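A short worksheet on the structure shown next.
Each chain carries a letter (A, B, C, D and E) given by its place in the written order, and its residues are counted from 1.
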Amino acid sequence: MNTRSYWNPYLAGVLLGLALLAAFVVAGQGLGASAFPKRVIAGACDVFSPEWTAGSAAFGKYVGSGNPLANWLVVEVIGVLIGGFLGAVSAGRLKGEVVRSSNVTQGRRLFFALLGGVIMGFAASLGRGCTSGQALSGGASLAGGSWAFMMMVFAGGYAVAWFVRKQWI
Amino acid sequence: MDLTFPWLPRGFFGEQGGLLTALLIGAVFGFALERAGFGNGRKLAAQFYLYDMTVFKVMFTAIVTAMVGLYALSGVGLVQLDLVWINPTYLAPQLLGGFLLGVGFIVSGLCPGTAFVSLVSGKLDALVVLVGVFLGVLLFAFGLDGLPALEALYTSGSGEVLTLPGLLGISGSWLAAGVALMALGAFIGAEKVEERMAARLKKNGADLDGSRVTDSRGKYWAMGSLLALSLLAATAAPMLEQENPRQLVASGVRPLPLAERIIAHEPALRILDLREAGTDLRIPGLGKASPTSPPADLLPGQHVVLIAEGDLDAKDLAGWPQGPEYEVLEGGAQAWKEQVLTPLEAEVYNQEALDRAKVQNEICAWFNGTESKAVSAPPPPVIQPAVGSRKKPKGGC
Amino acid sequence: MEATSTRANPLVDPGLTIWNQDVAIYLFLGGIVAGVMILSGAMRLWYKQEEPSLALRLLPWGNLALISIGMFCLFLDLENRFNSWRFYLVFKAYSPMSWGAWVLLLVYPVSAHMAWAETPAHWRETVLRKVPLLRPWGEWSVRARRNFAALSIVSGSVLGIYTGILLGAMPSRPFWNSSLLGPLFLVSGVSTGAAFMLLFRLNQGERRFLGFLDFLLILAELGIIALWIIGMAAGGEASLQALKLIFGGPYTAAFWSLVIALGLVTPAIAEFIEYKHRAIPGRGAALLVLGGGFALRWIMVYAGQHSGWASEASAGLF
Amino acid sequence: MERREFLKIGGAGAAGSVLLGGLGTDWFGSYGDEIKDPGSDGEKIVPSFCELCFWKCGILAHVRNGRVTKITGNPKHPLSRGRLCPRGAGGTGLLYDPDRLQQPLVRVGKRGQQKFEAVSWDTALDEVAEGFEKIRRQHGPEHLALFYHGFGANWMKHLFKAYGSPNISAPSYAQCRGPRDVGFDLTFGSGVGSPENTDMANTRCLVLIGNHLGENMHNTQVQDFSEAIRNRADLIVVDPRFSVAASKARYWLPIRPGSDLALLLAWAHVLVHEGGYDRETVNQHGYGFDAFREHLKSHTPEWAYPRTGIKPAVIRETAALMAGAAPRAIVHPGRHVTWYGDDTQRSRMIALVNALLGSWGRRGGFLVPSQVELADYPMPEIRKNGLQPADRPAASQYPLADTVLAQGLCNATIPGYHDYDLKGWMVYGSNLPTTLPDPRKTYEAIRKLDFLVTIDVLPAEICGWSDVVLPECTYLERCDDLHNPYYKEPYVAVRQKVVEPLHQTKPGWWIARELADRLGLEQFFPWKDSEEYAMERAHGAGLDCETLRRDGVATGVSPPTCVEDGLRPEFWTDSGKIEFYSNRLQQAGFDPMPVYTDHGDPPAGYFRLLFGRTPTHTFGRTTNNRLLSETFKGNEVWLNAETARLRGLKHGEQVYLQNQDGVRSSFSAPLKVTERIRPDAVFLVHGYGRKARELRFAFGRGIDSAELVTQAKVDPIMGGTGMNVNFVAILRAEDVEEVA
Amino acid sequence: MLEQQFGMTVDTRTCVGCAACVIACKTENRLAEGYVRNWITTQTRGRFPELVMTIRSERCNHCRSAACVRACPTGASHYAAGGTVQVTGSKCTGCKACMAACPYDARYVDEQSGTVDKCTFCNHRTSRGMATTACQEVCPTRSIVFGDLNDPDSEISHLLAQRDWYTLKPDAGTRPSHYFLK
């Protein structure tokens, strides 16, 4: 793997920060990622069962006014997909693989990926955002709750890290 | 053209154009994430084993950059901060959600945002993570409808926009500068920690291949720029900083001018009585509210006049929504009763004061609903009906 | 300010809609023809010994076809087509439309001569053998082909500028009313002309030249667009209102995505990379340039009619 | 400069422009200065007078190839002075309206199902006569009522008088101008008439209260109004809406709706207690002034301020302006004045302020008009049968109403209202559902009828509910009675047939006479036709019929109309004076001097519904006129910009209105977001939102204000129906249609 | 004696925007349904209750430096007698360049003939010696005055000398002969 093509973290951070700043000054809101799954699911549920969706406490607010997918954050994630793709292609990193330590089997890694994903989907709904929407955007706008959220992310990570170390190191 | 940021909430670009910006900014975001190495689960997970602090470094550099930029721009008046959406605070769900997200993060190796980036760089595990996220979202939606406890947890908290500058009582720019300086210190520490941890893990024979970044040539340069940025923010912005627009600004209004505005039927005027009891203000269309629970139907741009028993402190209204302009009745209900509902009896000496008093007393009578009685007049003499033809031109419409 | 008008004439209210896709197509094809005329003329003058590729030599015939389609579109746009012969009874120096009518009359013979003169000799010979009557003319025009090449450059330029002036000479439409529209349409026309030529089977040298030339033209075009926007931004209230059509108004997304991003910037980058890596320019960038050129004219025609002075208070009124 | 030199330069310039402008336009194929004559000038020009509204301006109708090409103003006619309002100019739009009623129709389905069969005139008239005869036989003639509007109704009124019914009524009284006539009559002993006797052209100060001259387009009045503006008269406009007149005014007082009386009282207070009223007039002609002065004492501008929202200083300034201009000052009596149910008192107060200004009988104030002496057509006298009209439940109600109340007749059709119930109606040129308040009630009454016949030009809503519909021809296709109004220049005008009636339509006089024949009343219709009738009357008055026909009008010599010309003012009140204190009102149990009552504010979320006119339309009568609709295609809901902004309502979006009784408009209209109206009111142009599908152009255009007027506050003095007491909420069309 | 230069003034102080001029023009010139040659413009500025409103009866401005005449490729749009701007229908191709050029949007395409048309200042009347246009004749507020600007004794010349006036869109450089009195 071509580790050299990773940017210097500080430079990458500055570019990321500038993208975030651009989002603030252009769109008046930060960046986010978990809005995408929420709105996609809301949209899908709206197709299958509009009544349930409209009455749902979690999704009702997305389907109330217009298409849940016609949203800045949703389009932004599509941009992320495009940008990420371009980044991977230009760095020669586009490669089908499962990232894992040599200490775990692929099946185990994927099981944990699913488990972690479910936990994060639940957590992002509960916390009204994920690392992008709460920690990064909220952190940059100095929102009190977001800083608490960010601290707890690190706390949660460090608390469990030891138990799943086989996956990674 | 007023080019003050943010643009989209001001209708600049229109809807289509706005979505186009989302695509562009998102692409830059995704590109930067990928190039920082966030498409690789192992590299992210390394943060939690302290041998590669890229996540910390990138994230805090980004936060500091955006934060310093945002507060500096708003400090010099280029950004209208009250149009920028800032995450409201729901402390309990945020604390728990954050913790769980951290758990999910280390279990899966990716967070939702980085999972998207990882996915498009071909990583199969990212696809599985995303499937999990979608399931998790659905699970939560079911849970929210089915479990009252979860709903109670989710909806607990005020949902107010509490910013650190507001909570700590210092200006945003200074805080940004402070955070930047702290981050700088933290980065230096992080460099040290990761070197030591990496060495230790290597010694223990851990498999770090493919995740460890060894190249850190630009770090001093980057730190230097951040320091410069933070200094800029700390010195320039506070000098130019205006009153923090996030603060709920309540100006005062005196009873008589308020009475005149009621008479003028000012369309944006909305008057709310914050007292628990009492219907003695005699203001037409007066609404009731409690200081802790603002009415749900307040409209942006409305002029909301709040009446308490006595003077009301603007600080008491911390939980009121942004959008309307708040005014508090100076002296509260007491002043209203004294100055508007009580006729003037004091002696007046000059013509001007006399004229004012006349108006004031009529306003008083009107609010009190005491119609000035017409003075009864002596009946005029009885008259004889006139003779002659009566001409009455008619017609038309 | 609130303004109301009781007028509701068709094509005029609430916004002018006199010109539609017919005119956009005509301007687009006119631009390509102008570009091909200029470039093929220039390349004929450029080539001394080495012969151009067959495709390049046959392109002037395509010119005739394109300009005919364009003229047909223009003809369709006329409300009173039976009077169209009236164009050729007068020449009105102030009227771009009149210039256009006459220039088209010039474009036809020049293109025809160019096409004939560039046609490979054995094909020409076949024709002349069958129609010996044409021989004197046929041979003369080949002899004079360098003169016709020069004439082709001149008439192509007039045609290219005219397509812009047709809109640019309208003081009534702030979105159009700029002296930069002539150069803009000329440059864009040559650029789309080059892109059009790139679609055919040219030789490598020609492709490289056209590819890089197109890159330079796109840069120039971007520059002119920037100046045009700055010019409008520096104008009065009406110009600012017109500018809003592409800044937040109905044409914002189309202009910035189709014209600027896809039609200019993307192909420019592609062409630059091709140039830098000494690759042979492909057809992808050329198609984008053509798409962008059409979008530019389409947006110009439609957005310009949206702009006006309607909301502006008359001087000294309030 | 020498002339020759000048020519040379001129020549050079011309040559230069030829060069620059290209080869000249006169080159081959040119036709030079082609001048196209549209050919609208008439081969024949017929003078007549207009019927697009009820002002009756003189017109010249141009006829070419048997078609009326255009209509221009008659320069000899005192009301038009050669000029016309848009409606008058657009009369051909009515004449050639493709939706006109073309032949008599007889109902075949159930009433209201709107199924009709075209029949011959004989069948239709027999049917009507039979219907009338049946009612006369079973119940008596008084059980038949006539509702009318328009000049042609004279024939029908005559028919009804001969038939023996006292129930003849025009909604233009109790739904429109009645209160001001009663109010002025109580004060000066005379109403203001139509045309109003105001001398606006010579005034120095004109006060308009809710009167939107310029949008309310009575030709002569607007001509005089523009003359006042041209003469720099001071204009004070009191209106919740920034009307066209308000835009011309020195003072616009955006008054709180319903509080006009408070403002008038305050003005009177200033004039009386702070000086400025005309002492001479008051001393010489006033009656009960001391009581009035006492009455005004408490009504200070400060008192009016919270009620009207108008600052005391402004009230004083405007009062001073009037006083400074007096007696050449007019507080205009208005025309449609049925607003809040205390309209007679408000009109009386307007009269009293004018009395204080001393403007009655003065130049630039109110003139005293006169009439040409005109003989009646010789015919047998109709004997009165002593039957009482059915419009009031008790004689004591509305004691000062001096005509039959239209809404009273409508009510009397619903059983149990009066001594007897009405069984049949004839409706002439008046679309009752959009005229009377609360159309729900009107339809209920119609359902109770035994027989309903309408005579109209267009298929209005009421036609759909009729048993027989008789198509009348338009004013351009018939001759009518002579017009002989009270006016400062007395005149007689003649309406002449311009073209033969189109389709199978017939003139009103013919219909009336044919019905009379069938009802055995032919003795009261002894004349040959309307032309003979009119000329006989003209001849009888010593007028030259030929001149009258040629000019369309004959003017008489006026006696003095104002004091300046030698008029000795007379007041035909009980006291023979200007009555500041009215004994008649006092004896009838009303306030002898106007007393202010508050009409409240709209509840939260509601707006006061105000309605009025647009210059191109006479309410619903002209909204199907395609020519007139060129400039005004449908009405809009006026809403204050700030209010709209707060509620997120956008200009141009379609909205429905729903009133306090839950009645929602049948159609939607675009919202007009404007600074030109107070935040607590919405404004609609009256006459839109037509529900008759046969009016193919007007159908469904805009919102009908009449259907939202389900409440009316009836004036206890004369029975006028105050209709500005309705409140409406604004509903987004998308929300409404989503639910539906 | 100079040639005639016809012009028109509309007194915005007295004009109430009743549109009688529009209807009279339509019947005088027998225009098809849906087309007008003159129209009413109202402009309101300010916030309630401090408002200013102007009402104008507008039509072709008969510019002395007419963009439409310059834009016309066939000479159909031309300066005619009395300094007016006229369209010769038989020369018009319907290319609509004049409509694009006119800052006042005063022209339209007549659907029957396919040619461009507009206000003629009633040249069929004035050429017969009539002194008024149809819109002027009907105007109940006498706001519209038509006449010869080069005749110092004409009513229009007096009005322009005595009153403040403006023309529409002067920045367009068209030098209209249609004036609006303040």
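Heads up, the rule we're going with is that a residue touches a chain if its C-beta (ideal position, glycine included) is under 8 Å from a C-beta of that chain, and two chains touch if they have at least 3 such contacts.
All of these numbers come straight from a predicted model, not from anything done at the bench.
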| item | value |
| --- | --- |
| Interchain contact steps from chain C to chain D (minimum; 1 if touching) | 1 |
| Residual chain clusters - chain C taken out, nothing else repositioned | one piece |
| Minimum number of chain-to-chain touching steps separating chain B from chain D | 1 |
| Centre-most chain, if every chain is reduced to its averaged C-alpha atoms | E |
| Relative to chain D, chain with the most remote C-alpha centre | A |
| Whole-Å gap between the CA centroids of chain A and chain C | 47 |
| For chain A paired with chain D, centre-to-centre distance based on mean C-alpha positions, whole Å | 70 |
| Centre-of-Cα separation between chain C and chain B, whole angstrom | 51 |
| Centroid distance [mean C-alpha coordinates] between chain E and chain A, Å | 64 |
| Chain D residues counted as touching two or more neighbouring chains | 24-25, 27, 29, 630-632, 640, 642, 674-676, 678-679 |
| Touching two or more other chains - residue numbers and ranges from chain B | 19 |
| Touching two or more other chains - residue numbers and ranges from chain C | 2, 6, 8, 86, 89-90, 92, 94-95, 98 |
| All pairs of touching chains, each written as two labels joined by a dash | A-B, B-C, B-D, C-D, C-E, D-E |
| Interfacial residue positions of chain D with respect to chain B in the complex | 54-55, 149, 171-172, 175-177, 181, 185, 189-195, 197, 256, 287-288, 290-292, 294-295, 297-300, 302-303, 305-307, 309, 312, 335-336, 369, 402, 485-486, 570-576, 581, 583, 586, 593, 595, 601, 604, 640, 642-643, 645-648, 678-680 |
| Chain C to chain B touching residues, read off their complex | 240, 244, 247-250, 252-253, 256-257 |
| Interface residues, chain C side, partner chain D - complex | 2, 6, 8, 86, 89-95, 98 |
| Complex contact set, residues of chain B against chain D | 259, 263-268, 284-285, 299, 301-302, 355, 358-359, 361-363, 365-367, 372-380, 382-386, 388-397 |
| Footprint of chain D on chain E - complex, ascending | 11, 13-14, 16-20, 22-24, 26-30, 33-34, 36, 39-40, 44, 46-49, 51-55, 75, 78, 80-81, 86, 88-91, 120, 123-124, 127, 137-143 |
